[in-house]
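Given below, in the form of structure tokens, are the structures.
Here chain A shows up in two complexes: once beside chain B, once beside chain C.
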Partner chain A sequence: MGAPFDLSFIFRFFPKLLDTLGLTLLIVAGSLAAGIFAGFLVALPRMYNVPVLKRFSQVYVSFFRGTPILIQLFLFYYGLPEILKLAGIDISKAPVLFFVIITYGLNTGAFLSETIRASVTAVNRGQIEAAYAVGMTGYQAFSRIVWPQALAVAVPVFSNVVLALLKDTSLAFTLGVMELTGKAQTLGALTQHFVEAYISLALIYLVISLVLERLLKLAERRLLRHEQPVSTGGGRFRLWFRLPRARSYRQLIADANAGKGGAEL
Partner chain B sequence: MIKLKNIHKSFGRQQVLKGIDLTVQKGEVVVILGPSGSGKTTLLRCVNYLEKPGDGEILIGDYHLNCRHAGKKEIHALRQKSAMVFQQYNLFRHKTAVENVMEGLLVVKKLSKEEAYRRSAELLEKVGLGSRLDAYPSQLSGGQQQRVGIARALALEPEVILFDEPTSALDPELVGEVLEVIRRIAAEGITMIVVTHEIGFARDVANHIVFMDGGVIVEEGSPAEVLSRPKEERTRQFLKRITPEPNYSI
Partner chain C sequence: MKIDLTFIWTAFLQILPAIPTTLVITLVSVLAGFVIGLLAALARIYKVPVLGQAASAYVTFIRGTPMLTHLLLIYFGLPVLLDALSAQFGWGFKSASIPMIGFAFISFSITAGAYMSEVIRSGLLAVDRGQLEAAYSVGMTTPQALRRIIFPQALSVSIPNLSNSVIGMLHGSTLAFTVSVVDINAKAQIVASTNWKFFEAYIAAALIFWGLTLLIERLTAVIEKRMNLYNRGGIV
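Entry: the complex of A and B
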């Protein structure tokens, strides 16, 4: 394949590839947002056992989990405009990015809906009853008691989904989107240094993955701080940096009463 | 005053409560005894609609509810009148002790953060947890968690506090501290309905004892009447079983 191997190309490709990093991250972020929304919408009928919608959401989940994402991309990019044309709607002029984000969003939603459902049911029934007994409404009980805890349970699976999504975006180049992988292909073709381009590309994906993984790990620890034994600090995982600790109510009160003497910390 | 009239409840085809009438005067401590499956916990849970009674009327303070026409709004209003202490404590696990107590004050009573904190800290002090305000439930013993649960119920200043077997899940050596706290707040004249198996506690603290079996109230009266001179054979048998006569010799 092409020109002889030249290490320097790996470094020369970095800045060029990084130009398209924004687009890759945009696809990831857009798909995640769409995915969380779709995941929720699909999880609800299954959590509340709504007869017809439940069936519908099962079909949705099996389709997106049971077919390759590449096929889904093709189906949406080439198929969706045809179907909508029958309904009199013309979206053939919509940007490719639109189809890419819709497809990845729906795909992510299918995986997330399972996670959301499992996490919400993981919060024990007793706490919901306690919230009701205190006099909260159903919405208050969900948003203040169930949701924060479900979120913490969901983070580990959520990180898997995010990392899988990041790597899946590399398929968007098949529709001609100039994201990281698309750019690497082009650079390779231009210079005939394919291997160097791919090495460079792999390194970039790896670094982003590692950073995302760390961030989500931190989020998990923060959200699960209530399940940790009294003595924190040290521990098995050495963190790169520490999150500022949540300020306790004691401190809040002490601040609020500043000058009125005596609040001990 | 709390009045339950003709409360019925079925799970599927099985009738669990077969028309219960019960009156609790203000400041009274009513203890409900009975074998498991007698419907005592279900009755307690009907009072704040964690179980939906099939039929009957509930009156708490000035709020009256007919179970046939109970919508979301009515149930929500009814629940504001009572508080509950659970067998499994059911603390909010992602909140500290003081936040657990504050939650109802903030969300339901709409107090300011400072005011809610002040009152919650006071109550935790009262149940002997003044030094553990910022501990999460996972860092507290069962007895401590249950005392937070009691403080959470007290904070709402309800017409009645419902205790659902508050010491059944505790290690034996922790039962005492929780009963002691309940005894203390009972002495302050807070109305309570307590489902328990602690006969000694019932004898000491209750003003009124209700013995249930098979979904009906078999016998009720003062502790002296029901515990020492039970009229009904079923009560006698039950009491004999949970306080066996010493029939051993050393």
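Entry: the complex of A and C
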């Protein structure tokens, strides 16, 4: 299968693959922006217990967490133009990238809405009561008291979602988008050095993941400045081995729900 | 083109026979991944000299790269490696004899192993250290303490995360189409290619996956309830 293994190709493929890095990051950034927006919209009815909308957002989250992203990609690529055609909008000429970002955005939105909900719930109820007690309005209490604390709790889970999204973008090649994976496949097919192409592809993904993880860790530390390290002694959550940094109980709760997957209807 | 509701049903029926393939891939990768993950987690927790670092590197690499690259690397790399070794030592083994689904099994097991190892590690770490000390104080050896005291409790703590991993592997198994294994996703493509009703076929496939996922969630809830029986009452 293919030409004999040649280590030098791994390095030769790097610059060629890096040309498409921008597209991969564009998909990640675009979907993240769409996802944060969608996540908020979907989380609100569930946080404020709006009767009918609550049910809708439950079904939305359940669907996007309960079906593979690959199926969702195809579903939107083939389905969205037909559904919008019923409403008289023609998007069959829209670029593939548009469908890719929409799908990843809606998918990320489902995961983020759960994160947003969990981290807002994680903020102590007494905090809001205290805010009301000093005369803040509902909006003020949210934006000044709840939001900054919830953000800090959400960052670890958010960072998991971002990394999962980065890895999921490798599926965009199935719709013919020339991002990192698509480019690696083309290079492999051109030179018949498939293994080398995929090794350099994997290395690039690895480096981006590590960098993103490090950046988000910094953001988390910055957001948690207000919080004194809380010892996690006592109860079932005591750990036998020392963690790199003492973490609050609230964060452990938020972390526990970090995995991707699951429909929860 | 109108949305053809009856074709969703037709596609649904035609995709059903592909469910076992998807489930087998999921099951094999989860079970093999659990064994790999357990070994990797123990190597890291006990800081076994070389193995511990190797396990860390393995987990970092796999979790930092997409599942698709693992599959492609195994699919293109393993035959080259095996054929070279086979030629070197004269095993008389040809990589062409590996069935396509074998590549999916191997690669997904490796992927699942890394994710499972994190789940298992956090489960083991969540068990109170006093439990291990109590086991030692009644004279158990380390393997006995692990097997009888730590593992059961760690398992019950990790059930939700394990279920997420299983669901993740179920969804990940859709990638098997890249190595020409006919799972639910590939079957939907095949069904649709006869009349170009891709949307309808993928709705059917999505419904099947949704159903399977909800089923796993339900099963998990039952298992979790059963597993946590020992833990009821008290202050928790």
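Definition applied: the second predicted complex is superposed on the first by the 228 of 265 C-alpha atoms of A that agree within 3 Å, B and C clash if a C-alpha of one lies under 4 Å from a C-alpha of the other, contacts with A are read in each partner's own complex, and residues count from 1 in each chain.
Keep this in mind: a contact is a pair of C-beta atoms (placed from the backbone, for glycine too) under 8 Å apart; a residue touches a chain by one contact, two chains touch by 3 or more.
Note that the structure is predicted; figures quoted are calculated from it, not measured.
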Between chain B and chain C, more extensive residue contact with chain A: C
Chain B versus chain C as contact partner of A:226, first or second or both or neither: first
Which superposed partner A:148 touches (first chain B, second chain C, both, neither): first
Partner chain(s) touched by A:132 [first = chain B, second = chain C, both, neither]: first
Chain B versus chain C as contact partner of A:189, first or second or both or neither: neither
Which of chain B and chain C A:140 touches, first, second, both or neither: first
Chain B versus chain C as contact partner of A:210, first or second or both or neither: second
Chain B and chain C contact sites that coincide on chain A, given as residue numbers: 256
Touching residues (chain side chain C, partner chain A) in the complex: 1, 3, 45, 60-61, 63-70, 72-73, 76-77, 79-80, 119, 125-129, 132, 157, 160-161, 163-168, 170-172, 174-175, 185, 188-189, 198-199, 202-203, 205-206, 209-210, 213-214, 217, 236
Residue numbers on chain B that touch chain A, as the complex places them: 48, 50, 76, 79-80, 82-84, 86, 88, 90-96, 98-99, 102-104, 107-108, 113-114, 117-118, 133-139, 152, 156, 162
Complex contacts: residues of chain A adjacent to chain C: 1-2, 5, 62-63, 65-72, 74-75, 78-79, 82-83, 163, 167-171, 181, 185, 188, 194-195, 198-199, 201-202, 205-206, 209-210, 235-241, 256-257, 259-265
Residues of chain A defined as touching chain B within the complex: 124, 126-127, 129-137, 140, 144-145, 148-149, 152, 225-230, 248-250, 252-253, 256
